[in-house]
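Here come two complexes built around subunit A, the first alongside subunit B, the second alongside subunit C.
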Partner chain A sequence: MPLFGKSQKGPAEVVKALKEAVNALEKGDKKAEKAQEDVSKNLVLIKNMLYGTSESEPQTDIIVAQLAQELYNSNLLLLLVQNLNRIDFEGKKDVAQVFNNILRRQIGTRSPTVEYICTKSEILYTLMSGYEHQEIALNCGTMLRECARYEALAKIMLYSEDFYNFFRYVEVSTFDIASDAFSTFKELLTRHKLLCADFLETNYDKVFNHYQRLLNSENYVTRRQSLKLLGELLLDRHNFTVMTRYISNPDNLKLMMNMLKERSRNIQFEAFHVFKVFVANPNKPKPILDILLRNQDKLVEFLMKFHTDRAEDEQFNDEKAYLIRQIKELKPLPGH
Partner chain B sequence: MSENENLTDRNGSGDIMEPASENGDTRNRIFSVDSAEELKPINAAENAEIWLKKFEETGLSGVDDDLETVNIANFFHRVDSDQIIYNMKKKRLKVIGKYVMGDLLGEGAYGKVKEMMDSETLCRRAVKIFKDKKLKRIPNGEQSVIKEINMLKKLCHKNVIRLIDVFRIEEKKKLYIVMEFCVGSLQAMLDSAPGKKLPPRQAQEYFNQLIDGLEYLHGQRVVHKDIKPGNLLLTLEEQLKISDFGVAETFDFFAKDDTCYIGQGSPAFQPPEIANGSESFAGFKVDIWSSGVTLYNFVTGLYPFEGNNIFRLFESIGKGIFTIPKEIEDPLRDLILGMLRKDPEERFTLQQVKQHPWVNANPPASDYRVLIPPIKNDIWHNMTILPYLCDHYYENDSNSEASYDECGMLDDAEYITERELNAAIENHKRSAGHSNGNAQKSNQSSTSSSTKNRGRKKRPISCMAVRNMCMCKQS
Partner chain C sequence: MTTFKGNFGDYKIISILGECSEGKAAVHLAKHIPSSTMVALKRFYMDKMTNAEQTYSVELEIATAKQLQHPNILQYHTNFVHGFDVYVVSPLMAYCSCRDLLNQHFNNGLPQQAILIILRDLLCALAYMHRNGYIHRAIKASHVLVSETGKSCLTGFKYSCLRVLKGKWQNNVHSFLSDPKPVLNWTSPELLEQNLQGYNDQSDMYSVGMFICELANGSEPFLGMACTLMLTEKLRGCVPQLLDCTTVPRQTEGDCVISPIIVNRRFSKDLHEVTGLCLSRNPNHRPKAGKLLNHSLFKSIKKRTLSLNELLKPALPLSDKVAFNREDVENLDVNHFSNLALCTWDF
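Right after this comes the complex of A and B.
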């Protein structure tokens, strides 16, 4: 036993103490202030076990394994996430740090925390709903993105009904929260290529109905970011099937043509990169061809004048010249 | 900041310093070479001015070409060794556009790779210099360079080399391709490693980055076709960058699948379908195979297929039979077997590789780590531009404190004799042996001799700590 200071508590004790404190905090009676303090104190203890301090090294693997096991058994991770808004400022950050560290823990090829969370998917849903609460949104965001790195967890989130809330979160008026939500949203849709492609294919209608709203958003940042992400998604070869489906819908073409005429040059430019796919498609369905034919002359004229100051960007100019040639050469399908 | 203004001034006028010598290291050559790359025979009677050949450089590259044109008789003019006076050439600052040139990083068939610094952002860069003359000699050279540039322009991923700038200087007949700064290739690292292999954890780190980069490339419909340790570069932060897209191919956006018709990569890394001469094959599976061979090479230091010549090699690859050393155990063994399946249909997909237990495992940290091999004995990979800048701008200030260059010789001594040179070389060898000892297990004799001389040895003085500069990245 050390001569000075308190005796060191083992993982089991710390976890038990923290759980009691969080429970007291949840009840919110007159002891809440004391509970608040206890929560912070015990969180720091756990954090120091995992990360070490300036004076001490992180604890040995055995202690960390015990700690993780206690956290699983006591269901404390869920409890912490559920009560995150009641914990003080530093404590919230400690929760995120502890959570992410435990999540990354590996035994050989296994990630026990990932397996644990798969059985407790409520943790993920609670974290996702964290974007509803301003004071914990960013802490939840860091934890969510850490979770999204694991395919199994990303899958649960993508296929949950709560995923569609992201279309609302990315548009909230608080800029930092909206941006954070967007980066999580993007991570979920792009990180695991095959998973994402499968998800987009099976939920095509629902996702793109929601997506349409983002593209029509009042918010400039949302419109621009979502258009850029749409371009990235469609141009990625993994999403070939989704792309072919997207570019055979005349409504999508109309939307892009309108976006080409947006006031913002940046949006025009992003829209160009989606629009070009419609034109380059060697097997254009009739409705698409009809729209292009109806606007043939106008489109050629428009593209001739489109972003002429980008002389430096050879690739863009090549693509533009290609599109102009393609549109000029468009002919109605035989027999019509 | 007056130096800086001065610098940009030069850029503004487009003045390229030292147009006569094409790369500022003419001092590395025994014969003085003028701009037209013709050798001047040495006239000993007039002046025994011989340019110091740096001992790090082996061979007389660049000089051999023109040897026939020189009157041989002039070469065998006997001069006593202690009479020869070497002229120490100062490091001459060279500025091209907004870039300040540094030392050589590597050399290829097309030209040289040098370090550079962007004088506006102060970022370290690497530049590939293509000489028109050399490029013309390579079949399809020009086309493939243009193709590579266009391909790289579209790519942006943390594990794919980023193209930063391309420009030509007509009067020099050279093309400059500016890229992210990398310190060396994995091949160079493997060559320097004990057993020419990497410890498992390090191999996994690099392999996972390779797979990330490859997934991005395949998503962009790019087949690299020439994955091998020599084409995987490392930054100072040990981030892997896939480079050399000379034989890469981009599929049409609406192509139904990834069928390729031409395979041009390095023979030892080619899959059986190419070795057997198939007319067409699945492109992405080629990269999987070569990554598999690369992984095999990382962890064993060997190649799965060998042959005295390309026919034997292709014969052996075509059969697809190979052995994995016994010490490679199961998750890794299974991964290599999966990536090196003869039938491309059965061969792992990138997704299978990504989900493989070995890729996701957390191998124990090994007791050693192979370091990026030093360039010219500098294990820290300091910026090589700095000495040029110092010499150019602080020349007069150095009088008070004599500065030493990397050989330990007095910088401001313009002429030294053979004896002094030998002494300096000897001295340098000792210090080199000593600094290598930090990187790898040194041989004991050199360390013991260097401890004897510790009192006399002077360390090179650098004016600024530049190690942090490598961290600067464009936002």
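Right after this comes the complex of A and C.
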């Protein structure tokens, strides 16, 4: 006797049952408890069709195709994501697992679920707002990062106004949620090189205005993570235009020079990797050159003593020696 | 229900319970001021962690624990950043870890009934994890904590991995531990081998076998043995045994002195057998966590002859050593805890 009544419920029935249960749960009337049970039960059924269990293999492609089609037609993915906070603890994880499996579905080179979500971008916006709620933040995070693997979906997220909420999410006081939001944020800004470079170029002012706040955050982890990511972004050759623009602004240089002197050694070290780009730039604008010249001796002295215990890190020592040489040789622009 | 918020000011640190992860984290006994309850405060020194792998393992440990909800898995109330450190608030486990119990009171191992009670809780936690696609990968005495009421909770999730990957259930996993040194002696041969076959959740059952030996004998398995020798021993199928009158000869030659406790005690045949099965070289011969719970071995617990608290005497829960929920806590002499500072927690 199978655990839940007739075992051979087809995809259409399960999807229908799940939809009804989620709707009942949403209404939140006295049937909610029963609805909760039904949601969990049907989620497990769908999950088992997709993943199989220890006793059974996943269902055949035909069944999975039917299931996917039912999910698209019934609009259930959106409904599940919208009601995620109402679903019980294990059910939340099942939703994420079902979502992530369906998302990866492929027919030849096509990804039908990705195409479907492109037409239902509300799913993405709802997932992004999941970071507002502690109890679903991490579940939404796993789904968002799966979505971010697909350029089309990453593009929708990057270019939406909601993207700028990430600058708030990565700074929340709960460490695990902030870190999860940061991984998603980083994925969106680095995964698809051309898309990201294009996005950063066209939205330079807005993005870096927001980014500045992260670099000045009270939260040590946020400050450290965002500084590290900044270094990675600037050193990626796809972002050449963005980098050139960033290292032409004397305020950015001042910020990095201050961070070189922060109490945290990790912040100092990450700041070094951004600072070096300013110095290595062969065409330094006058305001940048002026700052470096004004601090020429101090910088040389500072760098000589900077992280001298990293003897085994050859690349770092080479870079440091190079910077010291460059700074020593700095001369004012001719004619000034 | 008490809600724990991520404000550093809500917690008053009373003493240090131990250091872990080579000094990159510490566990404190602390008081949650709004509710006057005692909690364990684990503190990760983030600025001491220089590479991304280390900081990632902190994220992973907390995120994994949050995805697991079971009475025998240590729950985290909340976590937050303060200064350069990340803090995790969890319920106080008043007997600390099984490793601490062995170190302080049971150098020759725990009595069989105590082992069984702890083992049953551990298996419940593991069965739940395996059902949900997690492999713990670091079962050892220091990762099993005992509460004031004698309930055991599993922790140490920075080593765990998920079998659900890329939208698929992986029959076998091939990833290796990122910081394996502290757990190598408990690790299964197939995981250490790192061959194409990989390993699955039965790898944990091998570590359970090691864990039983550790609780019964008091010492870590393969203690003091070079890693390469330990590996070849495991690959050859050489495993530790439960030391009692059936496995240790009463008369020994030379200077080797064996504690009379060991030669006079006798673990049940069942326990010897189950330990042996868990330590099978072939993962398929090991019992599943969920199935092992039905073993007749655990029937003796149901009679409830003694509670775990009784069995663990002379060890006392922290609560009996501390004036709890009183203003005394404010003026507590930290030297009181000097003996506790010796214990190392390794989550």
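Operating definition for what follows: the second predicted complex is superposed on the first by the 330 of 336 C-alpha atoms of A that agree within 3 Å, B and C clash if a C-alpha of one lies under 4 Å from a C-alpha of the other, contacts with A are read in each partner's own complex, and residues count from 1 in each chain.
Methods note: contacts are C-beta pairs under 8 Å (C-beta built on N, C-alpha and C of every residue); 3 or more make two chains touch, one makes a residue touch a chain.
Keep in mind it's a predicted model, so treat the numbers as computed, not measured.
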{"item": "Which superposed partner A:P282 touches (first subunit B, second subunit C, both, neither)", "value": "first"}
{"item": "Touching partner for A:Q315 - first (subunit B), second (subunit C), both, neither", "value": "first"}
{"item": "Touched partner set for A:G52, first subunit B, second subunit C, both or neither", "value": "second"}
{"item": "Which of subunit B and subunit C A:F175 touches, first, second, both or neither", "value": "second"}
{"item": "Touched partner set for A:N100, first subunit B, second subunit C, both or neither", "value": "second"}
{"item": "Which superposed partner A:F89 touches (first subunit B, second subunit C, both, neither)", "value": "second"}
{"item": "Partner chain in contact with A:V221 - subunit B first, subunit C second, else both or neither", "value": "second"}
{"item": "Touching partner for A:L194 - first (subunit B), second (subunit C), both, neither", "value": "first"}
{"item": "Greater residue coverage of subunit A in the superposed arrangement, subunit B or subunit C", "value": "C"}
{"item": "Partner chain in contact with A:N266 - subunit B first, subunit C second, else both or neither", "value": "second"}
{"item": "Intersection of the subunit A residues that touch subunit B with those that touch subunit C", "value": "none"}
{"item": "Residues of subunit A that touch subunit C when the two form their complex", "value": "50-52, 58, 89-90, 93, 97, 100-104, 138, 146, 173-176, 178-180, 219-222, 224, 228, 264-266, 269"}
{"item": "Residues of subunit B that touch subunit A when the two form their complex", "value": "150, 153-154, 215, 218-221, 251, 253-254, 331, 351, 355, 357-358, 360-362"}
{"item": "Footprint of subunit A on subunit C - complex, ascending", "value": "6, 46-47, 49-50, 52, 59, 62-63, 66-67, 69, 78-81, 83-84, 86, 132, 164, 166-169"}
{"item": "Residues of subunit A defined as touching subunit B within the complex", "value": "106-109, 111, 151, 193-194, 235-238, 277, 280-283, 314-315"}
